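Down below are the structures I want you to see.
You will see two complexes here that share subunit A, one where it goes with subunit B and one where it goes with subunit C.
Up next, the complex of A and B:
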C-alpha cells in the first residue's frame, strides 16, 4: 500500500534525522548569557527582553568596586549634591542602594527587583569608574527562550549560550588590569 | 522572584549609617588609603577625552578593608532545573497520547475541548509558549547545518514527537496539544467559510514560511518563526506593542475565520499536514454509509471536509488531462525559475544576518558614505577587531545564503507547482470525509454527522430510528 510505504519512508527519514540531531544534542544544556566585556550599554537589554521588566539586571562585583564617594554609576554627571536625592541619581528606578561606610567610602548594592537593566549605571561606571557594575542575564528570571530576543537586537553581539551549570560571565579584577 | 541575599547584607563590624550623614568617627575600622575618591574622579574626568576601553579600567583601587568587613557576594541564581524540562516532555507525550485517543477512538469533541484548555494553560500560559514544536523546526535546521550548535534534548523531543504521532494518528497535536491551535480553536465563535480556492492559494504560505524559517535558521541569521510568533506575547503577558497587536489581530480574525495562523501560516502545521497524508489512522466519518447530507462540510470551520466532487468541475476530461500535462511540464520550470529568483534575493536576504549587515555598515562608513554610525558599528570599532576579519566572515555567510536562497526559491516553485496540480487533479472519493492534510482533528464534525450521532446512541444502548428518508406529511 502506497500510504504504508510513504509512512515507512518518512519514519526512516525521521529516524536518520534523529540520529544526526541526537548526536548534536549530547553536550550539556545551555542558557543565554551576555559577555560584559563586549556590552556597549545600549539600553536594548531593558527594552528587548520578552519579559517586562527584563531578565537582564545590573550586578555589582564588590571586589572590583572602588567604593567611591562620587560614584559615576550612581550620580548624575553633575549632581546637585552628593546624596540619595532622586534628582541626583542616574538610575531611573532608584535601584541602587548607597550605604556609607568609613569616609570617604560607600558601598553600592543593586536592589534587583527594581532594576530594569537599562545599563545607565553601567555606562557611568565603565566610563569613569572601575566597571564593577555590569549587566548579566539573571537566571532566576530568564525563561531561556529558544532564541533570546535581546541576542538578536544586541549591537555588540554580546550574547552567547553558556553551559547551564556555569550560567554567568562575571567580570573580575584580573581581567580589568 | 526576588534575588536572594543581594540587598540583605551582614555587616557586624562597622556601623552603617543612613545617607546623607557621612561617617565621622571610627577610622580605626578602616585602613584609610591616601587615595581620595573625589580627587580620583577629577582625574578620571580629565582622562575622559581619551578613548577608553569599553569595559573600563581600575581607576580607583578598592579600599583595603578591615578584616571585619564582610564584603557582600554577588548572587548567582541557578538556571532553571533540568528536571523540569523533562517534565515538559512527559506532559507532551501524555497529552499527545490522550489527544489521539480522544480524537480517533473516543471520538469526543468535549474531551478534546477540555484537553485544549489544559494545553493552553500548561504549554501556553504556564510555560509561556516556549519551548514549542513550531519553533523547534529552526533548532533542528540550525543543528543540521551547523555542527557547532547544540540542540537541547527537550527541544528535539518537541520537534520529533508530534511528527511521529502524526505518522500514526494524523494531526492530533493540532487538535488539543498545541497551545496556539488551542487558543484559536477557542476563539472561533462565529465561523465563516472561506472559499476553497482561497484556502488552496493561502495554503502555499505555510510552506513558504517553513522554507524561510529554515533558510534563516540554517544560516544562523535569525529565528523568524519565534520572532513573529503571534501569541507568545499573550502567553507571557508582555512583549512589544507590535507583537501584542499582531496577537490581538489574529484572535479577532480568528473569531470568524477558523485558525488563521494554523491554516495560512504555521510552518509546523505544514509539516504535520504532509505527514498526516500518510498516517495509519485519521479522523474519518462514516465512509461506508455516507448520506451526502453535507452537514459535516458545514460543521467543519477549517474547510477540511473533502468534497467528493460528485459533479466533475471539468466536464471535458480531455481538457483536464491536457491541463494536467501542461502543469506537470510547468513544474520543473517553476522550480528553476524559483531557484533563479531565490539566487537574486540572496544578497538582500543575507542582510538578516548581523555579521553581514554590520560589515555593510562598516564598509559604507569607511567609504565615507553619509550617515550616522550605528550602535553596532560603534561596538565593533571598540573591539579593535580588524575589518578584514569581519569582511571574510560576512563573505562566508553570504556564500551560505547564495546556496540556501536558491534552494529556498526552488522549494517555493515546487510548492506552487504542486498546489496547482493538486487542485486540478481529479478526486476519486465518493463520500464526504476529512482531508487528512487539512483536518486538525478538532472533532466538530463528529457531533454533527447524523450517522455518527446514531452510532453513538446505539453504543449507549438508546433506541434509534434507522436513517431512511421519510416521505409523506
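Up next, the complex of A and C:
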C-alpha cells in the first residue's frame, strides 16, 4: 500500500513538473504571422507556402468594413453590374460571399477553403476601401516551419514571429482614424 | 463575428490539452507534445511542398488598375504654381479667410498664411482639429472630434459649442450669413447651427417621404459647402454623388456617378472633399485614386486639376492612405486658385488655371 502511495505521489510530482515545463515551453513558443500594415499584396503568400493551398488566408474585420454596395475587394475594377455574376467578381476562386443586408448595405464573408491567399481582394480593399480585408497566417493549418518560405520571399519583410498565445496581428478602426 | 473566433476555439483546445497534462497523465503529455509540435502537419502531410520554386500566379490573380493612374494630358487644366510648407506634422484641413488668407489646421494648432504663403499667425488648440471654416467677418470655426470651437481672427477662443453627441466625428464646416453647417460623419448627418452655436436642425437623415436616401459614409469623410447661391451642398460618398439641400433640409438635386474613369468618382466612397469655385463650379478630391477634378455648376466633368501622378507619396503605399485618412481637403480663393491640403507632403499645394 505504501508502495502504491509512493507511486501515486511520484506520478503526481511528475505531472506537476510536466505541467510547469509545458507552460514554460508555451510561454516561449512563437508562430509566424504577417503584419497587415506592411503587406504589399505581392501574391507570394499564395505561391511560396509549403502548404497547397497556402496557410495564409484573407480575413475580414467587420467593424472596419463599410458594408459597401460597391465593394472594391469583391468587384472587378470595372464591373458590368453590381451583382454576384461571376464576370463581376474580383476573386478568381470565388472565395468571397456577398449577402444583402438592410438597403444599401452588404456583408462580405471569406469562404476560407476556397481562399488561396493571393491578396487580389486585399489590394482592391486597401486601395479604394477601408482595408478591412487583409491576410493572416491561419494557425489551424500553418505547420510553423522553422524557416517560413513566405517570410524568406516576402518583399516587405511583413513576416515576423509572434507569441503563440497571441498569434494574430489584427487591424483596427483606431489605426485608420 | 469576424474570423477571430477560430483563434478562441484554438485557445480553448489548447487549454483543454494543458489541463490534461496537469492531470499527470502520460497520455496528456503525449497530447501536449503533439500540440507543441505541428497540429496540422499530419492532416496536411500529403499537401506540402517546398515553396513555389519560381512559380507565379496567372494574370487573373493580379489586381491591375495602373491605367487609371495615368492622366490624359489634354484633360489637365491647371498648373501647380506654389507650395506652402505648413510645418505641421499632420494636416487636417485648409480654409480661406478674409483677404484670401490661408488657414491650415493640423496637429493641435491653426496656422495662418498670407495668400503668397508667408506665415502670419498661429494659435494653439487643446486637441486635434478635424475641420475648419472662416466667416466673412474673420471668426474662425474649428471642428474637433465631437464639438465646434470659435475663435476670433487673432486666435482668442470665443466659444465652445455643445458636444454633438452620439458617435460624433466632425469632418467639415461651412459658414453662411446666419448659419453654420457641420458634417458629422460618425452620425451620418449634417447639423445646422446658428452663429451662436444653437442647434437648429439635422439634415440628411433617411426620409423616403422627402426622397432623402441618407448619407452612406463607409470611411471618415463627409464634406459640405455653401456656395454663393446660398445652397448647401453635401457629399454622399457611398453613393458617389453631391446632394443639394435647402437650409431647412429639403433635397433639391444631386449629381455624380461611380467610375474609375476620370469622369466619375472611384472606389467605395468618393469624393472625400470638394469646394466651390467663385462661379459656382465644383472642385473635388478623391482617395484611392488620388486626383482633383473640376465639374461644372451642373455637375458635368470639365477637366483635371491634379492627376494621380502628382501624389507619388500616396500611390506608392496604399496602406498609408485609403482608409487611414489621408487629408486631401480643398479650398478655393477669390481668384479661383485651388488650394489642396496634401497630408502626404504636409503642404498646401496651390493650383492655378492654365493661361
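Rule of thumb we're sticking to: the second predicted complex is superposed on the first by the 150 of 177 C-alpha atoms of A that agree within 3 Å, B and C clash if a C-alpha of one lies under 4 Å from a C-alpha of the other, contacts with A are read in each partner's own complex, and residues count from 1 in each chain.
In this text, contacts are C-beta pairs under 8 Å (C-beta built on N, C-alpha and C of every residue); 3 or more make two chains touch, one makes a residue touch a chain.
Remember, predicted model here, so these are calculated numbers, not experimental data.
Considering which of subunit B and subunit C touches more of subunit A, the answer is B.
Once the two complexes are overlaid on the shared chain, A:60 sits against subunit B and subunit C alike. Within the superposed three-chain model, A:78 lies in touch with subunit C and out of touch with subunit B [touch as defined at top]. In the superposed model, A:104 makes contact with both subunit B and subunit C.
Once the two complexes are laid over each other on the shared chain, residue contacts for A:147 go to subunit B alone; subunit C is not touched. Of the two partner chains placed by the overlay, subunit B and subunit C both lie in contact with A:51. Of the two partner chains, subunit C is the only one touched by A:92; subunit B is not. Touch criterion met: A:68 reaches subunit B and subunit C at once. Of the two partner chains placed by the overlay, only subunit B lies in contact with A:161; subunit C stays clear of it. In the superposition on chain A, no contact is made by A:169 with either subunit B or subunit C. Across the two superposed structures, the residue set of subunit A contacted by subunit B and also by subunit C is 11, 14, 18, 22, 25, 29, 37-40, 50-52, 59-64, 66-70, 72, 104, 110, 112, 126-131, 138-144, 149, 165, 167-168, 170, 175-177.
The touching residues of subunit C, when paired with subunit A in their complex, are 1-4, 6-7, 10-11, 14, 18, 21-25, 28-29, 32, 36, 38-41, 44, 47-52, 55-58, 60-63, 65, 68, 169, 213, 216, 218-220, 238-240, 258, 260, 266-269, 287-289, 318-319, 322-325.
Residues 11-12, 14-16, 18-19, 22-23, 25-26, 29, 37-41, 43-44, 46-52, 55, 59-64, 66-72, 77-78, 90, 92, 104, 110, 112, 118, 120, 123-124, 126-131, 136, 138-144, 149, 153, 165, 167-168, 170, 175-177 of subunit A touch subunit C in their complex.
Here subunit B touches subunit A in the complex through residues 1-4, 6-7, 9, 14, 16-24, 26-27, 29-30, 32, 36-38, 40-41, 44-45, 48, 52, 54-63, 69, 71-80, 82, 85, 128, 130-132, 135-136, 138-140, 143-144, 147, 149-153, 155-156, 159-160, 163-164, 167, 222-223, 226-227, 232-233, 236, 238-239, 275, 277-280, 354, 374-376, 378-380, 382-383, going by the rule given at the top. Here subunit A touches subunit B in the complex through residues 3-4, 6-7, 10-11, 14, 17-18, 20-22, 24-25, 27-31, 36-40, 42, 50-52, 57, 59-70, 72, 81-84, 97-105, 107, 109-113, 125-131, 134, 138-147, 149, 152, 155-157, 161, 164-165, 167-168, 170-171, 173, 175-177, going by the rule given at the top.
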